[in-house]
Amino acid sequence: MTTYMDIISLLILVSSFVLVANKKQTSYIKTFRIQSFLIALSMAAIGFRHFQQNGRIDAFILCALIIGLKVIYIPNLLNKTYDKVEHKVEKDFYLNIPILTLLACGIAVFVYFIVTGIGQFDNRDITMQVVNMVSVVLIGIFFMITRKKAIGQIVGFLVVENGIFGTAMFAAEGMPLIVDIGIFIDLLTGVLIMGLMVFRINDKFDSINTNKLKKLKG
Amino acid sequence: MIYIILQLIIIIGLAPLMNGIIRKIKAISQKRKGASVFQMYYDISKLMRKDMVVSDTASWIYTAAPYVVFGSTVAAALLVPVCATEGWLNSAFMGGDALVFLYTLALGRFFLMLAGLDTGSTFGGMGSSREGLISSLLEPSMLIGLFTLGLASGSLSISRMMAESTAKAVPVLNPAYIVIFIVMIIVLLAETCRIPVDDPATHLELTMVHEAMILEYSGRQLALMELAASVKQLIIMTLIVNMFFPITFALPAGAAGVALAILLYAARVMLLSVLIGIVEVCTVKLRFFSVPNLAAIAFILALFGFVNYFVLGR
Amino acid sequence: MKFIYLAVPVVIVILLLFIKKRKFIYELGISASLLEMLITLSITADAVSGGQASFKMSLGIFYLDSFSIIVLDIITILGFLIHIFSVGYMERDCKSGKIDEKQVRLFFILLNAFIFTMILSVSVKNMGIMWVAIEATTLASVFLVGFYNKRESLEAAWKYIIICSVGIAMAFLGIVFLHLSSTGVLTHEHQFLNFTDLTVNAANLDSSMLKFAFMFILVGFGTKVGFAPLHTWLPAAHSQAPSPVSAMLSGVLLNSAMYGIIRTFTIVNINLGNSVFAGRLMIFFGIFSIAIAAIVILTQREYKSLLAYSSIEHMGIIALAVGIFTPASVFAGLMHIINHSFTKSMLFLSTGSILQKYHTAKISRIKGILKTMPVSGTVFILGLLAIAGTPPFGIFACEWNVLLSIFNEHHFVTGSIAAVLFAVIFAGIVHCLFSMFYGETPETIEPGEPNKSGAVVLIVLFVIVLAAGLYMPDFLFNLLSNASDVIMGEI
Amino acid sequence: MNLSVTDHLFTLAIIMFFAGACFGLLFCKKHRAANTLSNLFCMAGSAMGTISVVFHLLKGGGPVTVLNSVPGIPNFSLQLKYDNLSAYFLLVLFILTFAVSLYSIGYISHYYGKRNVGIFNFLYCTFILSMMMVMLAGNLLTFFIAWELMSVVSYFLVVFEHERSENVKAGTVYIIMTHLGAALIMIAFMIMNVLTGETSIIGNGAFFTALPEAAKNACFLLLLVGFGTKAGIIPFHIWLPKAHPAASSNISALMSGFMIKTAIYGIVRFIICGFGGIKTWWGMTILILGIVAAVLGVAYALMEHNIKRLLAFHSIENIGIIFIGLGMGMIAYSKEYYPIAAVAIAAALFHTLNHALFKGGLFLGAGAIQYATHTRDIEQLGGLIKKMPVTAVFVLCFSLAISAIVPFNGFVSEWLTYQSIFAFIPKGSLCINMISIIAAAALAFAGALAAVCFVKLFGISFLGLPRSEHAGEAKEVPPTMLGGMGILAALCLVAGLFPKIILNLLDKVLIETAALKIYPNLSGGTVPVFSGLTVSGNKMSMIAILAVILALIAATVPAVRIIGGKADSRKYGTWDCGFVEINERMQYTATGFSKPIRIVFRILFRPSRTLAVKGEHPKYYPDKMEYKVGTVSVFEKYFYDVIIRGLHRFSQRVKLSVQTGSIHMYLSYILVTVLALMLYSRLF
């Protein structure tokens, strides 16, 4: 079981690397879809275990929510948004891809160094998974830092959310259900609001390049 | 009381003579016959009897100034015993406090400078301005000098300082005293508007200081001003002779002693006047803005005298 | 039944969805917020009069103790006052054609939603739900920040939502670790993540995990609180939001985020047995925030962002006070929370009047406020002195106590730096802002208060601020000392 | 607690000032009523206050508590009480406020209908109350609150005429400086409070003796800089010459006459009395600061042509003189020569009173000039002695007093300072002696320059011909204003002639607060003409010297008459060198008057001059010539401006490099913070 989980978490991490290496906005969304699917997969695995152990189906509900929201609805929404805003052909990221991936790798190594220092993580079977998920969170932020377009930032934010959700899932086998549901509501509203704002930004600035939002200095 | 009256008579009586002597010395050096040494007495009595011309612009300050200047200068004179006899020293007004002496003179100077400004004439203002600079530059040196002498005698009273000097065999040979002596000579020259600081004989606006301030005065007011100036000169001379060249031998008691002391005093101040006359002859007037250098020298010397007193004198 | 106050804003939001008339909207908003305030005040009164035991009340996931009551009271009292002010403010905006009727309704809906999320965040004991509520505060207020739909406000709103969401995400990571640290200690699922249970069992939690958790929570909620260098959204959002919203953000929202940090801080400190690890972090962030604010305030050009920096400073002071972690310092920190909320809301509300009169946010374009608006102007200038820590206002009393408690722990250098920085901030405020008050009113501007009911609110707030510096009633003292006991770990 | 009648009178005095403040606000709309009533209340309060503090000083009997309130906030008790030291300073305050309030009745009339007089009166009364509160503060907190209140209220008074942007700037500089000073004071208070657990400051004995040595030194420096900023010692003086001219004259009189003295009170209260032990280097520091302030203050004053700026610089000089006294006293105290210390500190405190009297008076005089001529530039004045004869007499008295000329009070305190320096020199080491003698020289120099400066002030503005229409059309000011100045002038003379009245009070003050006795070294002094004030054998009696001078003048007048006979005096124009009739533009100007000093001390003033010739062909046919002389404030240019510019640049840089506007940058802050904290929690 642990090995299986380790592999999936590693895949999730890898999908983050892929995300950082992506160049086009549409492929961000695709990668995100894949990553969410991987999380749903692991949620399902945990769900099976829970069901076997004490017949609870919390995890299945969550799994369904993930698939519904993160694998289907939100990526579609983002795609629609993407279609509706104007596009100019321009580089969407700072630095270049190899350096970005290297830095992302560096973050993962750093997290490994830090997390293994925590007493409780010395030799527990979830260590690897926690390391991967925390890395996903930080790489998500890193992704947001490096992307100029608003869509990229939304995706980055979603990856961060994936990461924290993943951490909760792998490390603690999920939070209390009510918390998880709350998170989903927040996430959904957040993405809706962000999507709405992307339109408005596009309206006012004729672009969704957030690098142009620089009027409020000092 | 008798001493105070004597003091008044001697100071006011002798003061114009000093000017006469100095002028005579200068005349002699220039191979002139020159006026009589008593010329200033004639001038003053003549001026006393003349009518006055007062500027329309002038206010009561102008009228009051001669009296205040004269009054305060003579009051300051009461603080400086002319003869270092015991009775005289003891009766010196308030022990002759050196600080009161300095600040009483300052009262006179204050009114003198105001009077210069009162008529609205440019000369007066110029004189006041210059007088202000010179007097303030020399004030610290004078103070340190008096402080040092005071420390040697343990008191700031001028009569105590004189008593101390009298007690010393030849005070001027004491290093601190020599230095302070030089300082006092510089102060004397500057305060009484003599060459090299000011030339009392000229009425050229570029150089005048004291004469410029009293330019508008005439008649008895002028007489009082001139008299006050010479009194001031004499009291500083008195200070010098009694501090640095005291009568170190014992005088006979009683009236004879006093008379002898007065005579000796007159002789010494006259000698000093001759000396000043010679200094005036030998030097040229400094450019006005070189006067601060002289003052700086005086200040440094005074400080040096003070240190000397501490390192060597105690 | 006590938790009924939670329902009030929800009901209002629903009702407002169906009400079209402006007048009704106003009346409903004011009366509902008044009701809310009265309920919470009655809870407070009960708690205060009932003695030690009744300070805590619990119902399912809901939970109130004296600390939460303090923050809750601040929210509802300011909620009420800001409602009154907003009515005048919106009316004027509406009349001048800046916004339309629909937007007025939207404003009140969002305002009430915002209030709801905040009161929710301080009324629960489950850290997870608290997190959800705090995240929701961002979502509820983001359109309030971008209310005017201009380029700048949109920019501010975007930065606000992105930075706060990311920051808050960190806090969730922290909460996960908090949860992990309690594995094996808290066995029942309904105990999971409850800070009450965590505090009770704090000594048994896993220390290294807890440190990790605290650090993430500090960064996460710290973003919302506005600790430098995570404060970056704050000046932008405060300067672009309508003034009542700025008042709400600065006076109320920051406190709820701070509430989350302090709750965790208690657990960590009990667990670690001393305040070195977490306290040092808090002190560092406190001083760093004060320093950044002090430096930046010196050359501010816009009055609202200057006030935003001042909020950063004051959050820093609170962090500093709590970070010292002695009963006296915590007490002072709590006092500071209250005083800062009232003073800062007062200031932001007065900027509302100024903005509506002068139509500019630039300091250099404003002259003669004291002549134009005697009430707002006087309140504003005295409020600025108050916020800069001048006696006899409330903030001074707090700063005095905070500094005293710092020095009492022999943190001489920290205390001295803080004191000097306060003076620098004072200098910055005077240097930058005071020129607005003097001189002649420009001819284009007619004298008079733009918002009459708002002026009354300002005076009320001013009286509170002044009174807070001169007198503290016994019940408040009890409440505060009880709350500081709570923070010190006696839960 | 048994309060006597006089103590109740004191409470009543406080109530009077409160009433004054309230009436100011109540009659906001009726300017004349507001002003008159409020000032009358202030006068009543001052009179009552004076009586009660004088009685307290004479009667003795330990500190009296006025108010003791615990408002519920922790560590926040307010305590008002007074002992002899406070009573002495309060006496100074009440005398000054009495005169100033009387003066204000007339003076403020030029605000009627133009400004909100009610608010002004409110601020005025509050200002007095806040200064009282500083004197009355019984514990550290109360002192600090009062201190800050005083600063804030006086700030509002400085910017009261806020239409002029320079007033606002002056106010800003003032409040920033004073607040920075206050921050240092606060730090010192915190240290003192925390390390000794003591908060009271008025009572028996020194409260902060338990402080460790290092803390004492630190507190000394903090308090010195903190109070020094308020006192205006160089180099913390730059606010003073800005703020005083900005405030209206009655306020400047209070600020200069008393507010800056609160710093002296603070130093005496905390450093001399509070620490229960003085170090020699503390005294030396204060002495050196005093020397610098005394000399530079008067030197800068000479360069000023704005009366109030000139007077403001003189305040710096006088604070310097007070500091010299204090410094000398502290050195003597630390070396355990208590009688000398007593005389020196008494001299400083005496000078505090004297300065309040004559500087208050001078500011009132400046106000009168401004009232009559609407200008403060002395280059515009002239000939006022004929238009305003009474004012002229009073200003002359104050000028003589501040120049330390006999027979006014300024001389007495300087004389005592000189005496203490003189008495200490035989006991000191070479180093201390060098500083002491330079202090004495500095005193003399400052006194002489002050005399020059006041000759300039009085001579240019009151004598000669009017230099502008304003001055030509001046009229004598209303009697209330003259009354205010007259009281102070009379007191200047009284304090000069009967110094023992004050010294008796000071003796009580010093015995109670520092267990120092003046009288072993000091005797005589009041009414008997020839028993002078004596310090270690040196005698001085102002009455005697005045009597002698008057007698000599009285004798000279008839003597001259007898010698000279009757002589006529004729009025005629001033000598014009035979050219056209002399006019006012040919008079010596203030700029010209101070030129020699400007040239000699050019290193201090950095004078610049520009001569611009104007006209179509300026070289050959000049129409007009413009000559400008400027001096540079060295401290502002080379010290404050550098710091301010540096800070400004630093702030800009930080602002733009932190708050760049780029959301990516902001996000990276979060990432970096997280990574750093992860490292931190891993390492610790």
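Just so it is clear, A, B, C and D label the chains in written order, and each chain counts residues from 1 on its own.
One rule holds for everything that comes next: a contact is a pair of C-beta atoms (placed from the backbone, for glycine too) under 8 Å apart; a residue touches a chain by one contact, two chains touch by 3 or more.
Bear in mind that the values here come from a model prediction, so they are computed numbers and not experimental data.
For this structure, the chains sharing the highest number of C-beta contacts are B-D. Rounded to whole angstrom, the centroid-to-centroid distance between chain A and chain B, based on C-alpha atoms, equals 99 Å.
Between the CA-based centres of chain A and chain D the separation comes to 69 Å, rounded to the whole angstrom. Here the spacing of chain A and chain C, counted between their Cα centres, is 31 Å. Measuring from the averaged C-alpha position of chain B to that of chain C gives a distance of 78 Å. Residues of chain C found to touch two or more other chains are 158-159, 162, 166, 170, 212, 235, 296, 299.
Annotation for chain A: residues touching 2 or more other chains are 117-118, 141, 144, 153, 210, 213-216, 218.
Remark: the chains found to touch one another pair up as A-C, A-D, B-D, C-D.
Taken in their complex, chain A has these residues touching chain C: 117-120, 134, 137, 141, 144, 150, 153, 157, 160-161, 163-164, 167-168, 171-172, 175-176, 178-179, 182-183, 185-186, 189-190, 193-194, 197, 200-201, 204-205, 210, 213-216, 218.
Chain A meets chain D in the complex at residues 94, 107, 110-111, 113-114, 117-118, 138, 141-142, 144-146, 148, 153, 210-211, 213-218.
Residues 71-76, 141, 144-145, 148-149, 152, 159, 162-163, 165, 168, 171-172, 175-176, 179-180, 182-184, 186-187, 190-191, 193-194, 647-648, 650-652, 654-655, 658-659, 663, 665-667, 669-670, 673-674, 677-678, 680-681, 684 of chain D are the ones touching chain C in the complex. Against chain A, in their complex, chain D makes its touches with residues 655-656, 659-664, 667-668, 670-671, 674-675, 678-679, 681-682.
In the complex of the two chains, the chain B residues touching chain D come out as 45, 48-57, 59-61, 67-68, 70-72, 74-75, 78, 93-95, 97, 99-100, 102-104, 106-107, 109-110, 113-114, 116-126, 128-130, 132-133, 135-137, 139-144, 147, 150-151, 154-157, 160, 215-216, 219-220, 223-224, 288-289, 292, 299, 302-303, 306-307, 310-311.
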